[in-house]
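First chain A sits with chain B, and in the next complex the same chain sits with chain C.
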Partner chain A sequence: MAEYDRATIEELIDGTIDFFKLKEMLSSFKDPGRFDTYIEVLQDRVKWQDRILLPYGLHLYVVQKTDGKRMIKCDCGHEFCDANDNWKLHALVYVRDTEDRVQELYPEYLAPDPKWQVIREYYCPTCATQLEVEAVTPWYPVIHDFQPDIDGFYKEWLGRPVPDPAG
Partner chain B sequence: MASRKTQILAIDAGGTMTDTFIIDDMGEFVVGKAQTTPGDESVGLLHSAVDALSFWGMTVEEAFPQLLTGVYSGTAMLNRLVSRKGRKVGLIVNKGMEDFHRMGRAIQSYLGYSYSDRLHINTHRYDPPLVPREWTRGVTERIDLFGNIVIPLYEHEVEPAVRELVDEGVEAIVISLLHSYKNPTHERRVRDIAKATLRKLKRDLPVFASVDYYPVRKESHRTNTTIIEAYAADPSRRTLELVDERMKEQGAKFDVRVMATHGGTISIRANELARTLVSGPIGGVVGGKYLGEALGIQNIVCSDIGGTSFDIALITQGDFTIDTSPDMARLVLSLPLVAMDSVGAGTGSFVRVDPYTKSIVLGPDSAGYRVGGCYPEGGLDTITVSDCHVVLGLINPDNFLGGQIKLDRERAYQSVKEQLADPLGLSVEAASYGVIELLEAQLRNYLESLVMGKGYSPTQFACFSYGGGGPLHTAGYVRGLGFEDVLVPAWAAGFSAFGCGAADFEYRYDRTLDINVGANATQKEQVEAAGILQEAWNELTEKVQQEFEKNGFQSKDVQLRMYFRMQYQGQLNDLEIEAPLATATTADDWKVLTMTFEETYARVYARAARSPELGYTVTGAIVRGSVEVPKPKIPEEPYYGETPPKEAHRGIREVYWDGEWIQADIWEMEALKAGNRIEAFSIIESPATTFIVPLGFEAVLDQHRIFHLRELD
Partner chain C sequence: MGWNGKTLKAMREEVDRLTEESGYYAGLKELPFKQSDPIRFEKIFSKLRGGLVHARETAKRVAASPIVEQEGELCFTLYTPEGDSIVTSTGIIIHVGTMGAAIKYMVNHNYEENPGIEPGDIFCNNDCQIGNVHPCDVHTIVPIFWAGEVVGWVGGVTHVIDTGATGPGSMTVGPVTRYDDGYQIACRKIGKNDILSQDWVIESQRSVRTTKYWLLDERTRIAGCHMIRDLVLGIISEEGVDSYRQFTREVIEEGRRGLINRVKAMTIPGKYRQVSFVDIPYRHEDVEVPPYAKVDTIMHAPSEITIHPSGQMELDFSGSSRWGWHSYNATTVSFTSGIWVMLTQTLIPNDRINDGAYFATKFDLPYGAWMNPDDIRTAHSYAWHFLVSAWSPLWRGLSRAYFARGYIEEVNAGNANTSNWLQGGGYNQYGDIHAVNSFEAAAEGMGACAVKDGLDHACAIWNPEGDMGDMEIWELAEPLVYLGRSIKPNTGGYGKYRGGCGYESLRMVWGAEDWTMFFMGNGYISSDCGLMGGYPAASGYRFEAHGTDLKERFANRLPFPQGGDARPADAGYEQVLQADVVKRDKQAITTEQIFENHDLYLNYLRGGPGFGDPLERNPKDVEKDLNGGYLLPEYAQKVYGAVFTKDERGHYQVDEVATQKRQQEIRKERLARGVPTREWMKTERERIVAKDAAVQVRHMYATSFEITPKFLEEFKEFWDLPVDWNLLEQELEMPTFGSSHRMVNKQK
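Let's look at the complex of A and B:
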């Protein structure tokens, strides 16, 4: 079974990894140590102390507070909400719903018609990093992207319980 | 002691090692190895030949003058292409079409991938183009698919385009215009203006117009192939000349020929050299065809197991099929290639346990020359099929490759235990046997589906099994399929090289045509159709004869065979058929051609599927021309008897087979005699291959040193 050193995983996270190395990783069975190394790298890179349970998207994490609560948290330390909640409802949102606004991104005839499709951009209220973009019909509810079963993942895939919040 | 009559030299110059096979008139051969010398390949080649001949106690000076022929195949050109280290090529295309080469075809993003990776889009990747956008220029013109001039050529745009490319420092210029195969006038005009411009600039750059090389449909294929000609093939010509010169210095009395994708060999002076790009696995199929002719077998399944892949090709009615748009080095091409199917399963395939399903997974990657865990020097951790062979006692760890490599049985055993047996909760032997069973079942399914999928049944075919790993698994993968006969040549490991030596000196040229003739065509229309086909044949014949002239053959020495590709109008697949006529001019000739098509169609598909009411389309003309060259002799021995000579018996080894340890007789392949009947359980060993006769089978050696493996009822 393949094993990769920390430097390789860091390259993977940064997107600087060589394509052929990446291809090899994609085509092989996942190395058993990958998740822990990955989390370790992420944990070392953030300035705060809360334990990362799961990466939740670019710049976002599900963290465990010392009282056992699970929160969605940004790189910068901004805490959005409980892990089961939709963080987008707590973010800043910019909706491109006019021709002028969509044409800032796309040339005229390659842009969507805002009567049919709008582009919603979600930003962190603290660091203003763009965290997610949705292209949806105008009336569409805010999408709740990802509702992971964290306890199931730890127990059934990693074969261990979620770490003790006090530990 | 020059006791051997050396006959054939076959050279396989790989990226790291150059192998030479020297075959004598008994079909026995020696293999020599030496490091490839990339600067001048002829140096490594000679070292390799010296190494080979040392096994027979001969010198190059003794052996070379006796040789009848020599065939080269090498990977230098392919390496140049894959590593993108070719010439700096400029490309001239239609204005507005400058991006088509770098965009490529979508299939190029996953060519060469395993099935799971093909489905896994994240792994797809477009390689850098052979010609980048900045060395591409467009000129205005348009010829439509019928060959009509829709926009005339803007001749004044050609010279500036050429000047700009020269300023960019290109070393060759390729021209590929839309539909030039249909009407070559514009492309040839661009070529002539380009040449005139280069003369004006006093620059001596080669110019390659696609129509002079590959006048066939499919823009990406035609353009890729013509670029390869300029980028990698033409620069490799010097390498081949050096090889030829060096051999002649050593007394060789023949021109070195190069194995080509269409299954023939061509001169190093051939116009189209790109078709020597890949030749390795074709050798075996050519050898199969040659052996089949000699033995009077018309329908053959050629199966080859090496370290990395299992290759199958069908020979039907004495001829192999040609794929006219194959892919190589992750590029779609317009070369005629002997059709072959491959799966990534060989004796070096890695064996792993799927961590989720706990099932055994073979390959698709393999250890190659690093063998497996049983070969500590290979530095591999993951176990391979070879490790299972060692555990089961099927291969002799002390006699692998004639003892050149010592295998470590204990290490193989431990690795299989840790990686396979323990996770599966099986004994090491049972787990290893399971791997062999799985591999053979996969090969058997693959073989059967391939033969059945083409509309045949294995009972109509003889199966030839060769390659270093073939004979180990032959019984396993033919079990129950009911082949008419199963043949394992004693020289199985060198069979590809033998095949290269057996290949014709043959050129093949293709041209795309679109001749549509309705079901109720008048006589006049039929005469016209025959005329267009004949014109194409004439043009291609001239090309073939010009090639042979370069090696001093006159047109009367050249044996010509005319082929055409035909389909029912509106259907998608055409068939390549040899014309039973030397010329086609009359309406009767046309009828003979369509009749031949009907017969072939009925054979390939079904009699009831014939649809003459649709009318016919001729999609291509092909001319194959060959001249007589010496071929290897198929060995011939007097009949000895059923009982093998005592000295051939090399003892007894314990082998684990189907749940128990049994006593296997070990035989030395070279010491067996014609007529010998070998009963199960036997292992027949030779330096380069191991042939297993398991329970339920027996093998008989015939007078041509070919084993016939029979399944007992």
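Let's look at the complex of A and C:
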């Protein structure tokens, strides 16, 4: 079974990994210890103390507060909402629904027609990072992309309880 | 004639019952053969897999069609007597399921009695309503007998260039009903004693345009099937028929367990939601279809993946829009089977592709939706247009799981809408009646990964072995000269890691007579979202020119259009061209248009979506994009915030410090223009209450609401709409054929 050291996982996260090393990684069996190494690196990199239970997206995490509450949190420290809620409803949104707005992104003829499709950009209200982009028809409900079963994952797949809030 | 004197139908019923009752394929709670003699088990698998791949590689040399011979659009699969797939070759492996569906159809319709199944028989199917993706994928199916009983079947499929549809080409856009789709062969016996019947050869030759390619494609399929039949008989004589039978059962159950194990090893249990769309702009003058099909609408494919702690995966497409009068409907088997093509490139990258994975997954495809039509009249000639777009978000959903689990090297933001397909026909440069389907579409931009950019102009999800093909070969096969083949800048979705860019080919008609072509891609819509802050890929457009002065320009050595169309709005080609008609617009779907010699056609192949906030892209990578022709300078400024200089040799250099400063300013601009989502929702709700949206948008919602009441309820709940709010198809200012009366598909 494959196993990678922390430095390799950091290279992967930073996008600096050597192409041939990456190719080998893609072609090999997966390393079952990856999740723990990955969490360890991510936890060391954030400036706050809350325990990361699950990486939720680029810059976003499901964290556990000391009172046991689970929140979706940006790495800048902004806390969006409860882990079961849709964080996008607590973000800033900018909707590109006119030709001028879509043509800021794509050359004319290569941009979607806003009568058919709009582009919604969701920003973190604190650090202004663009965290998700939806390309949908007008009226489309804000998509709740991901609802992880964290308890099921820890207990049934990792074979250990969800980390203790006190710990 | 099945095992132990049972009929094939009885075998089918028994396998289904045992699987249903136990949750294990054919009731196999244990795998005694694999457990007691694993080396022998693996040896049989390796012989079969190697033999199938070998048969494919050898047989494809029989073909003359570049689609088969250059692009590898063929596949061979071995089945159980009941039609469950055991092992497959490489290639267009979507047909693992479709040929199985055809076999099951023959089994369930008592082919044992009539027309009879005998050693040396050859059967053919391309009927979508029975089990196919689109009519151009023609199946040859051969039974394998051992001591008087059917021990299995082998199927071979190739993508033929023409099926005699209303328009030329393999995936014609013109058909809006089944009866326009072309030559339909419904599980027909076409040969005995390993020889094709003469009446079949005559009829099939008279039914399609590309007779030579059809003939050689058929021989390709037969050659491969017979090689595999010999291989299986050899293995049975070495291993014994009982061992072979046990192996086939166990290897499918092993495939089922294999998927569950991979799901547990690679993902996170939970729910993943995503969506894709495709525009259907049929009200345009260049779409010649019956009046009831003259409708602008949108394909809607929402999906919810549920991964249970047990490892079982459920794929729910509730809310999908209704089937329609166009060429892009799909059947359930093509929809479910094609998902394995995608999963072999991400979740199950191994050679154990068989029906085990199917048995490990639960699908919910709403009856009446475009991927599960409740009417036999539907056309399917270009089913891929919707299929590939609907599958792409699944890749994005699973990528959230890989990202959370730490396997970020597996993340993929999606795939390109695989278009345009250059197709058409007439008399070619050799004076033959001909049809073309340029498989340049087999190389498009790939979605970005979480550790690197997507591949540029190199990938198509539906064919893992995709290749754009050599220009010289296409010029031999098509009366179309290349005036350019270039990277298409700005087509990959922007991001920290960008989607791969597509490319474009400028073709000039040359040596043809009575020639037509058409366009078939997304135009008004980008079919996919980006991922985690990345943008979707660019959408589409078309360029064609008729009545050009190119003949005179060549004679007088004057400048003429060459290379790419990097800034479509600049109309660069038109600067060095006079033409009676130039069509440069967003109408990227058309039916047949007449093309004379010296007319031009631009084949633009799309890019893939991006990953992550573009402001986080390494400035050095932006510099590479500029210098490589992947990005136009003004978008490096606007999207990436790049500040750069250009030297006298045209080389760009990005100033990292100034770029960082500009990016900080862009962040401030975002905070200024962004509004809290719930505030924005109030204004959007007002539009919904007033039913303020283009008719194509309203039509899409109306058909989705009708098929899936749950989708309507969730929609109303999300937008907090009045209890009695609804949107019916009958309210819309458009024809509604097919919305109430159905010619229900009794052929299933």
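Please note the rule applied: the second predicted complex is superposed on the first by the 167 of 167 C-alpha atoms of A that agree within 3 Å, B and C clash if a C-alpha of one lies under 4 Å from a C-alpha of the other, contacts with A are read in each partner's own complex, and residues count from 1 in each chain.
Note that in this section a residue touches a chain if its C-beta (ideal position, glycine included) is under 8 Å from a C-beta of that chain, and two chains touch if they have at least 3 such contacts.
Because the structure is a prediction, the values reported are computed rather than measured.
Annotation: superposed three-chain arrangement on chain A; chain B versus chain C shows a clash.
Once chain A of one complex is fitted onto chain A of the other, the partner contacts of A:67 are absent, as it touches neither chain B nor chain C.
Once the two complexes are overlaid on the shared chain, A:100 sits clear of chain B and of chain C alike.
When the shared chain is aligned, chain C comes close enough to touch A:35, but chain B does not. Contacts of A:44 after superposition on the shared chain: neither chain B nor chain C is touched. After superposition on the shared chain, chain A has more residues touched by C, the comparison being chain B against chain C. Contacts of A:26 after superposition: both chain B and chain C are touched. In the superposition on chain A, contact is made by A:141 with chain C only, not with chain B. In the superposed model, A:131 lies in contact with chain C only, and not with chain B. Residue contacts after overlaying the shared chain place A:5 against neither chain B nor chain C. Working note: chain B versus chain C after chain A overlay, options 565-573, 583-591, 619-627 or 655-663, clashing stretch identified as 565-573.
On chain A, the surface patch touched by chain B in one complex and by chain C in the other comprises residues 26, 30, 32.
Across the complex, chain A is touched by residues 114, 116-117, 120, 122-123, 125, 352, 354-355 of chain B.
By the touch rule above, chain A contacts chain B in their complex via residues 1, 19, 23, 26-27, 29-30, 32.
Across the interface of their complex, chain C is touched by residues 9, 12-13, 15, 17, 22, 25-26, 30, 32, 34-35, 37-39, 54-59, 88-95, 104-113, 115-117, 119, 121-123, 125, 127-150, 152-153, 156-157 of chain A.
Those residues of chain C lying in contact with chain A across their complex are 264-266, 268-275, 277, 279, 298, 300, 307-309, 397, 400, 403-410, 450-452, 490-491, 494, 496-497, 523-526, 528-530, 532-536, 538-541, 567-569, 584-586, 611-616, 618, 632, 635, 638-639, 667-668, 670-671, 673-678, 680-681, 684, 687-688, 693-694, 696-697, 700-701, 714-715, 718-719.
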